[in-house]
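I've put the structures underneath this note.
After this come two complexes, each holding chain A, first together with chain B and then together with chain C.
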Partner chain A sequence: MFDIMTVFESFVEILKVVPKTLLLALIILVLSFMLGAAITYIQSLGIPVVKQIIGVLQSFLRGTPNVVLLYLVYYALPLVSAWFLGLFNVTLDPSSLNSTAIVIVTFSICYSVFQSEIIRGALHSLDKNQIEAAQSLGYSTTQTLRKVIIPQVMVEALPDTMNAFLIIIKALSLAFLVTVVDIFAQARLVGAQSFSYLEAFVAAALVYWGICVILTYAIDKLENRMRRGYA
Partner chain B sequence: MRKLLLLTSFMAVLLVLAGCGGEESEASSEGDEAVKAVEVAVSSSSRPLSYVGDDGELTGYEVELLRAIDEKLGDYEFNIEGASDSAGEIGLDTGQYDLLAQGLILSEEREESYLIPEESNGPSLMKIFATGDQEGEIESLDDLAGKKVVPVTPTGGVYNLLNAYNEEHPDDQIEFDTSDGGIPTSDRLQEVNDGVYDAFVNPSNLGQQEIIEEAGLDIHVTEPVEINPTYFLIHDSEENVELRDKVSEALAELKEEGVVSELSNEFYGEDILQYEAE
Partner chain C sequence: MDIQYMIEIFPRFLLVIPITILIVVLSAIFGLMLSIPVAAIRIRKIPVLSQMMGAYISFTRSTPILLQLFLFFFGLPVLLQLIGFDIMKIDAITAAVACLIVFNGAYMSEVLRPAYLAIEKGQHEAAESLGYTPFQKMKTVIIPQMAPIALPGLGNAIIHLIHDSSLVFAIGVVDIMGMATIMSGDTFGMKQVEVFLTVALIYWGISMISEQLIRLLERRKKKVLKNTGYKLKEEEAGYSV
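Presenting the complex of A and B:
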């Protein structure tokens, strides 16, 4: 009953949605990275009440499963955005909100917390003396940031960020809840057409694994390249 | 010693995997003479078909029907378990479950892959639930072209129905998205009520009428657009042939004795057997 040809056919079908899935994951990664950087920055300022509020939010996002948040955003986002735009006299039909937007918003918020931890860790690895040295050489804050902090922090954060990227790709299988078709959803569709779920799921696993192998290889190369001149 | 243990367990896993590919008759061969255990998978959240009741026990039309069959079959003992849609079907493929009950309608692929009792367990009525102001506008599948249709799960019969319709009507395509079945029926009905979607194609045996009345929704329910008998699917193995025939017999008896109608009235509020003749 297990047919290797079906696995191959499913594999080809599933490959069709890989670019879309990767793009979606990349958008989420970039957005969550920016949001995470903002969180880290705000937290480092240590403003009394704000710090506590963000702390609570962080722990809430970290402690709730993505699927729960996806439900919440699915129900709440159309209403919230319609209300918000209503303040500026822009009318929005809540139902016209794209399901891809719902996924991007949910996952970006979700993973921003993890990203902020990655950035914080990378920042910690940076020797404080370097900043002092830069300042003593007359670097402005922007210059220190651009020439000293960011290049090194980027390298430190790269492996973890890459990890986060893989986690996002896998987590996107939840997006089918709101009709966004990713790799796993495609596998289910292919499986439904031929009634051979097992083959389709095996093909999906192979696709995921393939992506992981290629990405790991590429990022390793990139990291080695970036480390040159700092190590 | 440890290494030996590891090795044997590894070998065991390999053997099991190898068994998946070839014949898988070992799976249900325990206790031949005595009472045979039958692993049954049902959906755990398809009220009133099968769901977890207030007391935490599975109940519902199909579950109670299965229990009635179990009582009739002395040689078999049903272990009814809740499983998600695709998990149930995969489990039936691999032989983890012997019998699957999810209000399933027949398709060519299913007839090829599984053993199917001759006797159905009741018809499933496919109806369209449309926004209240669409009354007169949406009455059948022909009216759905150009309408916003609630996303459909790829494991369900609705998916097959709409695909079959689109194949037959190339100029009059129904556009629909697919999605996971995670959004509850009650929320889908609410969305139709609010006009997010125009129409919701759904088997009517999921308690929609109750939801509509309770929430006071303005929804137009059409006549059945399709009537399909639903069947229990049985894992394809030599030993299960007997099980299939016995289940079929028991179903026929239960229909005659009026037990099926009773259960139908209890869970659906109407006797669904009246539609079966058509």
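Presenting the complex of A and C:
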């Protein structure tokens, strides 16, 4: 009924897609971080209507599950982009959009909201006097950002950002719905080949568990090291 | 965009909302019940059991909920056969609820544990010196103080649970998402955007309502505590939640 050898074989098969999954997650993390930073910046400006729109958007993104958003973007994005490009007389075949691109877009948008919260929290933890001190020393805005704000905010935001990275790796398991092959999708494929779904899923669970344990350990080490400079 | 069609299909979703609510409520209640012994074992640091619970929490946290659903769906019958029950296949809803209970047991225990540890030792000692039995102590001293600390975390757990419950369609439960996938097949792939936009709006509504309910509960709890002269930790620290 349950065969350990099959688990091992599936494990080896699944390991092949781990680099791809990690790369996808990294791209999404970086994009969502940049989007999140943009959201934080726009919110800090406090432009009346824009602020409310972003508020509603945040509430919507937080209130709907990732699956629903993934399907929504999967079906809507080709149409929207074709319509948008049509305005510039560029014709785009809606079915030509790559599903990997759709996954990246969806999750980047989803997690940008969470990233903006993380960035805002980290900025709040920064002492205002630090900026004043930098200004009194005659630092320019770029210099203040580069030498004073970013090094400190980065340490503050690192644990949560890395946590987001783990969450993204797990959320990527939904990508199988739009035919992108990550760890979970690979487990389904491997399981389907030999009709041994349970073994394949156990192997996938072990892979995920291993990734999380290793990454958590590495992050702890990194954080301790970065904090040492400011202790 | 066909708003007319969205309004037309909305009642069909209303029929399956009870299934989502049933799954969420069952897993929330039994998950909380499961989380209490798990948290207790971790707090007391009972030798072997504590490590086992640590591994259990780490496992549920580091694997995607989708994978856990499939593990339960395929694994539970095998497990039951080992104990002696002869079941070839289990109901998808049963597997989904069992999985979400196990998941939430771990999640909520990690909310309850810090909340319990945040209570000062003096409170325990004072209650004991007054001759309270352990049960009385928990009921009248510890739990009322734990509640305001744990409620936001438990509220978050419920919102997460609502979102996670949208994945149960993957193992064949016809909930809101399951209905949506059926419907998007009905229209020969013409009106999928409308279907999933409706689903997104429904989930948004459910999340907002439950968020408001949790807020209401938190506010009431705080009011009760204020009347009894209890100072909240964050008020002492000088900021409000």
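Before moving on, here are some points about what is shown:
Assume the second predicted complex is superposed on the first by the 231 of 231 C-alpha atoms of A that agree within 3 Å, B and C clash if a C-alpha of one lies under 4 Å from a C-alpha of the other, contacts with A are read in each partner's own complex, and residues count from 1 in each chain.
Quick note on the criterion: contacts are C-beta pairs under 8 Å (C-beta built on N, C-alpha and C of every residue); 3 or more make two chains touch, one makes a residue touch a chain.
Computed from a prediction, not measured in an experiment: that's the story for all the values here.
After superposition on chain A, the partners chain B and chain C collide with one another.
In the overlay built on the shared chain, the residue A:Tyr208 is in contact with chain C alone; chain B does not reach it. In the superposed pair of complexes, A:Gln152 makes contact with neither chain B nor chain C. When the two structures are aligned on the shared chain, A:Leu198 is found in touch with chain B and with chain C. By the document's definition of touching, neither partner reaches A:Thr40: not chain B, not chain C.
Within the superposed three-chain model, A:Arg62 lies in touch with chain C and out of touch with chain B [touch as defined at top]. By the touch criterion defined above, A:Leu189 reaches chain B but does not reach chain C.
Judged by the touch definition given at the top, the superposed model places A:Ala76 against chain C, while chain B stays out of reach. Looking at the superposed arrangement, the partner reaching more residues of chain A, out of chain B and chain C, is C. When the two structures are aligned on the shared chain, A:Thr179 is found in touch with chain B, with no touch to chain C. In this superposition on chain A, the options for chain C are 56-64, 74-82, 128-136 or 146-154, and chain B clashes with just 74-82. Shared contact residues on chain A (touching chain B in one structure, chain C in the other): 1-2, 67, 71, 75, 174, 177, 197-198, 201. Across the complex, chain A meets chain B through its residues 1-2, 67, 71, 74-75, 94-95, 99, 174, 176-179, 181, 185, 188-189, 191-192, 194-195, 197-198, 201. Against chain A, the residues of chain C that register as touching in their complex are 58-59, 61-68, 70-71, 74-75, 78, 81, 162-164, 166-167, 170, 177, 180, 184, 192-193, 196-197, 199-200, 203-205, 207-208, 211. Residues 1-2, 59-60, 62-69, 71-72, 75-76, 79, 166, 170-171, 173-174, 177, 184, 187, 197-198, 201-202, 204-205, 208-209, 211-213 of chain A are the ones touching chain C in the complex.
Residues of chain B that touch chain A in their complex: 20-21, 86, 89-90, 93-94, 107, 109-110, 113, 151, 154-155, 159, 177-180, 182-183, 187, 191, 194-197.
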